[in-house]
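Labels A, B, C, D and E are assigned to the chains in the order they are written; within every chain, residues are numbered from 1.
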């Protein structure tokens, strides 16, 4: 048996992607649209720093392409808090306009490849990485991934040493992008359909392409990584909603 | 020909995942919602310990993410009883609000790898494992799986001894989580699209991640397991429905 | 080139799986439901032994899980007769309530692995297997399958002798279940998305699991079989419809 | 680099599969149905030999199973003509009743494996194969396919001689079915999701099964062919529509 | 670790494929259709050379087959500009008639296999390739692709020299089609589900088939390429909309 690596876990994370029901939106009156818009702004404020967020953080992004129009991203202390955040959207009067597109359930994970978790209290820099605020960058990129278990390319049959060596090289690429991109790794074994989620935050979306492409040449990705769908978007602050929907009113 | 392992079977099991038709819910009047809510509470009570459950057990869970909103889980003596439980939901006046999302048909299975089924009456501890009540834990995790038959990684071409050896090591990991998680294995060869279903019950959902991740390093999973979709949720007792739907009335 | 095996063909077969449009059903009045129910009972009687069945047989089953609610199974002399049976359902006034879920087009096939088809008239026992009535058993199981063509596991590159040897071992398992299960093999090369359909009939649905599981350890399945979706259900006679839909009226 | 084979191309081909919106049909009045029926008959006549067909041919088939109800098959000189034929259906008042199910875009292809295309004018028999009328047979079968590029089974890494040898053996099987089946091969590299479409025409649909099954034992298929969905149907002449829809009126 | 190749990036690109909601179109009055048509023509003019296009280019194509009816293709300086172009369609009153079918997010990419990007200003011919207008050709073809990472066929484990050699041979085929086809390669690592998009423009659509087929015999494609869906269409200028929809009015 190969030796499992220990992990540390922090916030629970829900990526809740939604589509707008545009025919319904176009059928709404101006007054209905204003009420919807105002409601969504209030909802977003309550989810991030308001009564629907006792701890953790939430942010909303507009998503490019047909896969989704919006991403509601939630960091929370407990799985129930994610359910509560999701239900806050479902019970909002604007819910009929927001159709679930896809989602991802995971938990922030620090891997023990570089340093085995000790038994004492966690150092503050580890605490900050386990319980971060959502990075403020303008662009977001999300994708899920697996480590491959296929014929001779079976990550889970490698020795712990070999895996640590590969991960170290992999991490070196990531560090070259420090300052340009913030990467949050979330584990989802037993929670969702892939083994990990990767969420990237940057002020220049070209960095997503550069980083992902360069990493693909690294043996860790080249031989052992399998990727799901990639989604990219831009931050949508509550004040941005009227401009996004081209609707004059709202509480902004 | 490889020697097949004998199995014991107990309750028939249906995982009936449903989505709420939220636009329909938002279009309902307060009176309609109260009636729906009351009806669902009654239905759940009749399915678990009431007239719709002559034997076996039923429980309802809220599910996180877009894949489903609710899981109706049924343990029953006969396949027809599962059909009856499913039809009880379909014929309930609240059915138009509950859209089938996915489902899984299986039967509780004890594998004969560790001890060949004998011919005498089953010992009480085996009876209890074949015909359990649904564990009372707050969190549930479900996923289906196959044993791989791919090139050199073909479980069904291994000798019985080799399979027993691998399963024994696999079981050791599981036992380290005894007290933290209850695992119910259900067989679905000939019944549904994967070979087994795994349903985990725990009071801390992080245990699902820890257990599944650790097991993936075991050769039984690393080389021979293929996994379907993972779904997680929390128990929804009849009394919890009003709070879940933020609706004041109901029979609670 | 590997030597193809000759086959004998009998009835054409359509597995026509349908979902009930439950919101539409719940919106119907009691009078509409009674008329629908009566119409479905008449349709089923006409399809099996009535004017819509000049030869062959039809039967209806309720299906467990989200994949379908009903299976209309038709055995007919010609492909056009299957089209006519399908159109009889489509043109029935109850059609808006019955949504196509999935289907399978195939033809009953006897394989020549064990005995090459001769040139004389077919013996009566072969005739009976090519042109059977639908077995009367209470439970049905359907799944499609392929023989694998993947790397070293390529069924169609084996010699005829090797294939005959494998099929003979495979058949021995099946014969151990004689009396417990009736198996009808239908070929669908050139007709539908898999190479064969397997339809099992039994009075105890656990036999489906036992048989499929045991066969998976046989090299024919372990190395060479690929399986599609499995669906199970129970026979629904015309007189059973009122109870199934919990509707008092009907022509029963 | 392997040597590419040259090809000759003829008619552009669209397989336009449609489902009938049966709930809409059942909701239509008798007068509406008569108008729809008459319109479809006119449309079909205009598409085949009428003003919507300057050159080429069109035919309609009823399709068995849930994948589609109808196939509109068009042979045309230019890709734009296929767009025009598709738009003729879309702009027809009966379009709301005909929902796109699937489709295939390709062009009739003669492969140069057996004889390299020369530089002179094409012989008449080649012209006839590139620009045929739709064969008049009662039954149709369509499926798309690829040549495999997988590990040791990579068609495109074979030498031209090896490919020609394999194709010659493959063609011998096809020729044994001459007189029973007409096969039209269409290329779709760069046009649709598979590399080729195969459309078979016969007066006995069992021939589709016999031919496809026998070819699967040929190394060209056994090692190198990957198949998509198979669809079968029967010719629906304009005069057949009233009987097909069990509607007395119409222009027939 | 294999050496990553450097790349240059230009316009951001969105392929926004839409289906027409034909039942809605047929239900619209003549006046509504005229207004819709006029609105779409205005929208298209604003997106290409008008106020919705500060820089870059846009074009619309009709698409053949069931996968989409229209392609809105946008080249823009920034990812936000793509979001704005997509939202211009979503907020247009004609949006309920245009249903998202699929989409692709990528950025024009010049690969450094043939010449490593230097540090000085880009030569004008490189600038033109990074920031092109949409080629004016009548036909378009789009497909996404990956480089394979499968067993012995793993592109990303090849040396930079081997990859450069393979790409050079691959490019020679493309150059034989110079003058017949314009090819724009867009990178989508980290942006969408495949690694690259390929968009071809030509005045004869048969060139798409010839080029893609010939390239498949090249080792770069034969061993290392995986392809997604192929979509083809023809340019739809604003003035072409009335004829396309067979609607007399409009602003044309």
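Operating definition for what follows: contacts are C-beta pairs under 8 Å (C-beta built on N, C-alpha and C of every residue); 3 or more make two chains touch, one makes a residue touch a chain.
Keep in mind the model is a prediction, meaning the values are calculated, not measured.
Following the contact convention of this document, B is the list of chains adjacent to both chain A and chain C. The rotation that brings the Cα trace of chain A onto that of chain D spans 145°, given to the nearest 5. Chain A and chain E have Cα centroids separated by 28 Å. Taking the mean of the C-alpha atoms as each chain's centre, chain B and chain E sit 45 Å apart.
Of all residues in chain D, those touching 2 or more other chains are 150-151, listed in ascending order. The touch graph of these protein chains is a ring, one cycle where each chain has exactly two neighbours.
Interface of chain E with chain D (complex): residues 20, 22-23, 26-27, 62, 64-67, 69, 139, 141, 143, 150-153, 169, 200, 205-206, 208-214, 216-219, 221-223, 228-230, 232, 234, 244-246.
Residues 1-4, 7, 9, 14, 16-17, 21, 79-80, 82-83, 86-87, 90-91, 93, 95-96, 100-105, 107, 149-151, 154, 156-157, 187-193, 195 of chain D touch chain E in their complex.
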